[in-house]
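The same chain A turns up in both complexes below, where it pairs with chain B and then with chain C.
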Partner chain A sequence: MMLLKLLTWPYVRKHKLRTCLTIAGIALGVVIFVGMRTANDSVLYGFQQTVDRIAGKAQLQVTSSEAGFPEEILEKVQSAVEVDVAVPVIEATAATGLAGQGNLLILGVDMTGDRSLREYDLEEGEQSVIDDPLVFLAQPDSIMVSRDFAVRNGLTTGGKLALDTMDGPKQFTVRGVMKPGGLASAFGGNLAIMDIYATQKVFGRGRMFDRIDISLKLEVSVERGKAALEKILGPGLQVDPPSSRGKQFESISRLFSIGASLNSLFALMIGLFIIYNTFSIAVAQRRSEIGILRSLGASRGQIRGLFVLESAVLGLIGSLVGVVFGLLLARGMAGYLSNFLGEVYGVAQKTESVAADPRLLLFAVLTGILTSIVAAWIPARDASQVDPVKALHKGGYEMFSERENRLRRMLALAFGAAALALLFSGGTAGPRLYGGYLCVLAAAVLLTPSLVRRVVALLRPAMKWLLPVEGSLAADSLVQSPRRTSATVAAVMLAVALVVGLGGVANASYSSIHDWMTAALNPDLFVGSSESLTDRSFRFPASMGEEIRRMEGVEDVQIVRTTRVLYDGAPVMLVATSLESLARRIHPKVVAGDPSTMYRLAGEGKGVIVADNLALLHRLKLGDMLELPTPTGMLRLPVIGITIDYSDQQGAFLLDRTLVVRYWKDDTANLFRVYLQKGVTPAEGKRRILERFGGQRRLFVMTNEQVRTYIMKVTDQWFGLTYMQIFVAVLVAVLGIVNSLTVSITDRRRELGVLQAVGALRRQVRQAIWMEAAGIGLVSIILGLALGGVILFYYLGIIREDLAGLRLEYQYPFNIALLLIPTMLGAALVSSIAPAESAVRASLVEALEYE
Partner chain B sequence: MIELRAVSKRFDGKRSVTALDGVDLSIAKGEMVSIVGPSGSGKSTLLNLIGGLDHPSSGDLLIDGASLVHVSDDELTRVRRDKIGFIFQFFNLLPTLSCLENVSLPLHLRGWNRKQINERARELLDLVQLGKRLEHLPEELSGGERQRVAIARALSVYPPILLADEPTGNLDSQTGAEILRLIRDLQTRLNATILIVTHDMGVAESCRRTIRLRDGRIVEDIRREDIRREDIRR
Partner chain C sequence: MSKITLALLLSSLGWAQDARQIVGEVQSRAKASSQRYEGWLKVVDGRDRVTEKRWVYERIGSAGDSKVVLRFTAPAEVKGVALLIVNHPDRASDQWMWTPALQRDRRIAFQDRSTRFFGTDFSFEDLEERDVSQYDYRVLGEENVDGAACWKIESAPKKTKSSQYSRSLLWVDKARYVFVRIEAYRDSKLVRRIRYSDYEQVQKIWTPMSMEVEDTARKSRTILRTEKLEYNVPVKEEAFTLQALRRDS
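So, the complex of A and B:
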């Protein structure tokens, strides 16, 4: 510790900028990790909090995933001897239409029995509503709101609140205002209570409930109650504690969560190279100091310990800074992410506050420190091996020894061979795929010094031709300092490769989504119950589809019911429609199965067509027997076709709607796919439908173009988050260039001084440094573009096999590569401005005296 | 050629140090002048000011009648590149450049064409008897050879003024004498004004004029016929 104070502190004070850059290298990785994960956790926490508050004293909940079930189930549940109270619930969101208020979570309950489970703590004088639920029930326009919501919108008892219902906009009367806390604070306070039968009507739910909340008799344990109810209800309905809903939401948003973690760890890895670079240079610069210490009796262990401790301290500072800024980022992102996840997955949740998990923060700090120590380990080892006799000799230490070079090349070769061996031994999936990916990264990083030397040698004539003196000096500086140069190049190369890899995934995704939209989304109009295609709160009666079909100018209508059902423990999208009609209209890419018969057979209820992503994620193949839990029992169907279908990130089943009506007792629809007759424009068709139904029903008519735009907007939002992470990775890499150039200028102070002494103008010195930065940028781009092409292959494999089950085609993202060249060169040049200025403004006299 | 009028240079730090204190000096074209004095007397500071590497704190400094005070850094650089050649004690060759490239460096910086640069650099390396070591890197040369490359580089544009800071300080006595002979020979051939900062009495004696500094002031200005070993030792 004393050594740290005596030796490190003065060095750090002397190199403030470099120290800051090093800290920033770690901090940025931690920021993105903490920010994204905390924002994600906050959304999950917000969801769970809403679930808990709404659940009240419920110990168990009966659901049929999201699909709902017929009312009769309630009687079965209530008849169980283990059950004390069982009440039905419908949960739905509705747009308030009030400026800045967003959605209102409406809880439809049976007021006569619900108070046994939930506390409706009303304001003074309004208790009669609850004391006599018939008052509430007798008036179907009754609604209760939280005080928070009432105050924000100037509502009082007896006041009117307009809500969109399936029968068009309606005025509701506020019959009670709930005191803050508990139930009233669920969903950020945007909560309203309605009678369950009124809710069924408002949301077009027919005679269905979403779930039954249960409290058990005192002597019955949750496990016993669950087992008893499962026995009574059969396998088609799920009986779980309220907390399991959080897990389901977590599994739905898993892809986002994993993506955020992977990218932040990648950013941290780039930070690792910055630290490695800084410590390598510090060891080189403090060589004589180390030599003196060694000659004074310091052991190798003490020297190594000094640098490791130094790195741990920097890592700690960087991590703490990262945690603070990460929490600020999470605060900014949580709301956005909440809306985004609601949009993508159609799950109602509201993030009220940032939920900072102390374990996550501790993990981030420890990871930051560990990364810093790992990065500094090799330089620290080098420091401990400094020969005290040679320590005062100048030069040579910037170079790698031939032995080190050979070792690196051999290791790189070994990793390369291992990657190839893994690939050709079935390494396109599972641990071998990840192993291959890591081997490729290791080989690339180890080969960087050799590749840098070769690429710079190739670039030198061009640089020299461009600016004879400046170009040569820049190229030579890069070659002469492989330690410094290659660590920076490795960091920037990884950033470029990350951009190419993720950009390639984005390109392939856009391209696949576009193909799918062309093949499968070809109706002229989509009539939905909500502005968002993923919100399934409101439902239409199927008869409305028939009414549309009979309208003038309409050629065909497909009645669609989508819902999430539980398959293999995960909530999976079920898409039900008339498959006979669908087969005539769409031509999706078929991965397996006979396109000429599979739709007919599925239309006859003899099988199910599965989206390719679902098949890949759940290892399903043609002929496999699927078991789907339904309120009337298990539905067993063979897989008769696998097609490319991007209806949902988790995958989708395509069933004939008659099966949903039969097994789920659900005759409602969320969407009508409308094909117009020739000669009828989409605008005209839309106008006619709105004219016919606009006054009576809540409905949204979107043209094909609007739906495509909507899907592309959601895709853009999805990749927008990825691009933000890419931006941070590039920023970390740019910090690496600034760091490297700052070090380079310190090292070459004398050389730059001589250059000016013999007549170089400031402009020329600047140009030499700019050329060096451009050289680093160019070499990194060349290597990064090549590495990116390889890691894209692995990314597509990981996405296909583990993350999303998407079979994306490999296409090198040349557009992104072309964009990257000027961007990274520009970034490199911008990052060289400050170091170049510091070089030209340094004292010439001091530079020439420098020794 | 070179004129200093009441030139002072102070270094302001925790404690202010006056390196030169009201120096008046005039050096004519073609003179070969040595500057001697104990460490800290202001020799190198004087050379740095004349070479345009640093600005005086007060006073005026003129080269060919043009003041170097209050000019921009780029103008100062132009004066350096057109009129002044530097020879350093530690040679200050760029380690990554060959002999030919090191000598060519100032010419490249002036934007000469490649053919002219090549001709001039070869001619100068021939002059310093290194015509057969054109492609050698500095680390492949002896100390004396490195200094000869440095001299060739300093002479690359035939500057009218040559400033040498301890040119033989890092060489053995025999090599030092050779370098000195070379400088004298070049002075005669090119009629350059040469200022040499030195601790070496032999070097100082070989100049027609010797200026002795102490505590930032000129305490003696000795012509060649006057200079004696004991004077320098004082």
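So, the complex of A and C:
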């Protein structure tokens, strides 16, 4: 503690800016980790909270696919001796049209029995309507809302609320206001209760329920109840506790979670180099004090401990700052992620608050401290080995010893060899890709000092040619301070590599999606029940497709039913349409199977065509027998084709619609793909359909171009988070450069003072520092672009084999690389302005007195 | 065994037999092949707020093996809503509800029958007929209720009969063999109290023209007044089906 007070505190007070930059380095890594993970956890928690609040006392839930199941199942469940109460439920989301209120989660329940399972704590209104289920049931426009929602929108009992229905916008009458808390607080309070049979009508659900909520008799355990119901219902229906819905949601949000971890790792590594850099310099600058302390009897262990403790304190401060800003970041990101998942996956959830897991925060703080200690370990070890005589030799500690260089190269080679060995090992994605990725990063970082020396040597003539004196000075400064330079370069290199890797993924995704849209999305018009094409709350009767087909100017219509089914524990998209018609119209890229026969066989209900990403994720191959649970039992079909299909990130099955009608008892549709006759423009076709159905039904007609724009918008949203991470990574890199240059200038204050004393102009000094910054930037860009190419290879592998099953083509993102060069060089030059000004404006006398 | 104990045992055995006979006689004296009335229902909740409904009630068959259609006629919001009850002598009744605005019928699940009957103080189970054979009876003594001498009888559902009530206390008018009061208990807690009044002899059947049900927990009460009561009216079996419910709404 005394050493900390004697040696550290004065140094920190003297170098406040550098200390702040160092703290910022670690803080930013923690910010990304805490921000992204907490946002992800918050969305998951929000979903689970909605599920729990809606589930009430339900111990088990019977579900089938998202399509639901026929009403008859209810009586089967109610007849089970283990069951105390079993009530049907339909969940749907509907737009309210109220400004800023978003969607309302509609819970369709049977009020005659549902109150045995859920508490509708009503508080207002006339006895006859509020507590009289008869009026509620007799009037299909009845709706109950939470008090929060009612207050926000000035609603009272008897008030009117407009909602989108299958038949267009309709007025509903508020016949109950629920007290806050419990059920009423689900979905952020944007919850409404309707009679289940009215819900069926309003949302075009036919005679289907989404699920059955069950409470068991007192003496029956959940396991026994589950087993008994599974026996009664057969394999087509799932019987699980409400909490299992969270697990399905988790599988959807897994991609975000893993992405967050990978990028946090990257950010922390960047922070690690900033700290390493700072401590290396600090050790170098304080070696005389260290020498004095050693001669006064301080042990090597004490000196090492001092620096380790110093790094731990900085790590702790940085981590705490990171946690605070991470939570703030999570608040913004959770809303974004929540909206994205709601829009793209149609998952009814609302993130109400940031769910900060204390274990995660503790882990983040410990990781920040550990990273800081690891980063400072080598400088601390060097500090403990300070020889008082050698300490007088300036710059000695800036150099790497030959032994150290050899060791680094050997380790880098070992990591490189390990990455190659893993790559060709043929094992699972875990060790092969994630392990290989880490090995490549380690190898790149270890090789950085050697590469920096070589690249700077190559750049030196060019720098000298550009500005003879300033260029030489800058190049020499970089070469003579390999520790400082290589640590900064490593940080910026990692940031550049991250941008190239993620940008490459984005490029490849856009390109693949564009190809798929060209091959598969060729109808002139899409008639859907929602603007987003993903909301499956509203459904059309299939007969409407036939009506469109008979319209003037329409050549063909494909009736499409999309729904999620549970396959291998994951909610997978099922796309059902007339495959005979589809085969005539689209030409997707076939990965496996005979294109000439697979659509015919699938059209006859003799097989299923599987999206390539699903096949990769679930290791499906041609001829495999698929088992799909349906309300009428298991549907077993062979895989007869694998095609590139980006209908859903989790993958999709393509079936003939007749099978859905037969096995799911579902004759509804979400979408009509409309092909117009020649000479009929999309605008004209759209106008005719809206004229014919607009007044009767809720429907959205989109032209091909609008659908493509929408898909690209969703893709943009998907990469929106990535871009934010890139921004943070670049920010960390810029901080690294500022830190490095600040250190460099402080370190060379005397040298710069001498230069000015012997006649160097301020302009020359300023330009030398600018050149040094540009040199760091350029070297980092060269190495980062190269490393990014390798990183991209691993990212694509991880996405293909572990995360999404997408077979994205490797294309080096030259457009991003070209953009990065001026961006990073500009950032480097901007970073150098303040340090350069500080160097030229420093007092010459003080500079010459320095040290 | 002392003489007193033997006398008590014999007398209790004798009362057990009498209890069944008494309730059987009540059921027998009310027996009619069919029944029709217009009901006027008034619900007074715990805060003295009053709501009213009207219905038409039709029944065919004898007690315990009958069918009932109950059709709401007022207020306008519930007009046309109907309930079909099919009582079985050996098991719980089947019940369906018809909502004309939705053109949908729904089955009232067995599990839901303990819930309140559309905002009244009756439960769906209270609408079932109590066949004498589904309960065990015991005479607890004799008491005067509203000036009438009554037997006080305890009834408990047999194991085969599932009920929300663990036992009920029945007060039977000794002179007219009609129920004067019923108290229904869940374990030891009084759940509902039913008071019958305004007895009239309609086609030689003593009938309470007024009935008041009190929900002791909610402190609310429902008064049902019977009007235009007729027994043995000509009704058709086909009128007591789901098809008829849909057709006649």
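Here is the rule we use: the second predicted complex is superposed on the first by the 830 of 851 C-alpha atoms of A that agree within 3 Å, B and C clash if a C-alpha of one lies under 4 Å from a C-alpha of the other, contacts with A are read in each partner's own complex, and residues count from 1 in each chain.
As a convention for this text, contacts are C-beta pairs under 8 Å (C-beta built on N, C-alpha and C of every residue); 3 or more make two chains touch, one makes a residue touch a chain.
Note that this is a predicted model, so its numbers are computed, not measured.
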Touched partner set for A:A86, first chain B, second chain C, both or neither: second
Contacts of A:T112 with chain B and chain C, given as first, second, both or neither: second
Touching partner for A:E230 - first (chain B), second (chain C), both, neither: neither
Partner chain in contact with A:D802 - chain B first, chain C second, else both or neither: neither
Partner chain in contact with A:E75 - chain B first, chain C second, else both or neither: second
Which superposed partner A:P140 touches (first chain B, second chain C, both, neither): second
Touching partner for A:K201 - first (chain B), second (chain C), both, neither: second
Touched partner set for A:V758, first chain B, second chain C, both or neither: first
Which of chain B and chain C A:D357 touches, first, second, both or neither: neither
Residues of chain C touching chain A in the complex: 43, 45, 47, 49-51, 53, 72, 75, 77-78, 80-81, 97, 99-102, 104, 106-112, 114-116, 118-119, 124
Complex contact set, residues of chain A against chain B: 395, 468-469, 472-473, 476-477, 479-480, 750-751, 753-764, 840, 843-845, 848, 851
Residues on chain B engaged by chain A in the complex (per definition of touch): 48, 51, 53-54, 73-74, 77-78, 80-82, 86, 88, 90, 92, 94-97, 101, 105-106, 108-110, 114, 139, 153-154, 157
Touch list for chain A against partner chain C, complex: 74-75, 78, 83-86, 110, 112-113, 115-116, 126-129, 131-135, 137-140, 195, 197-198, 201
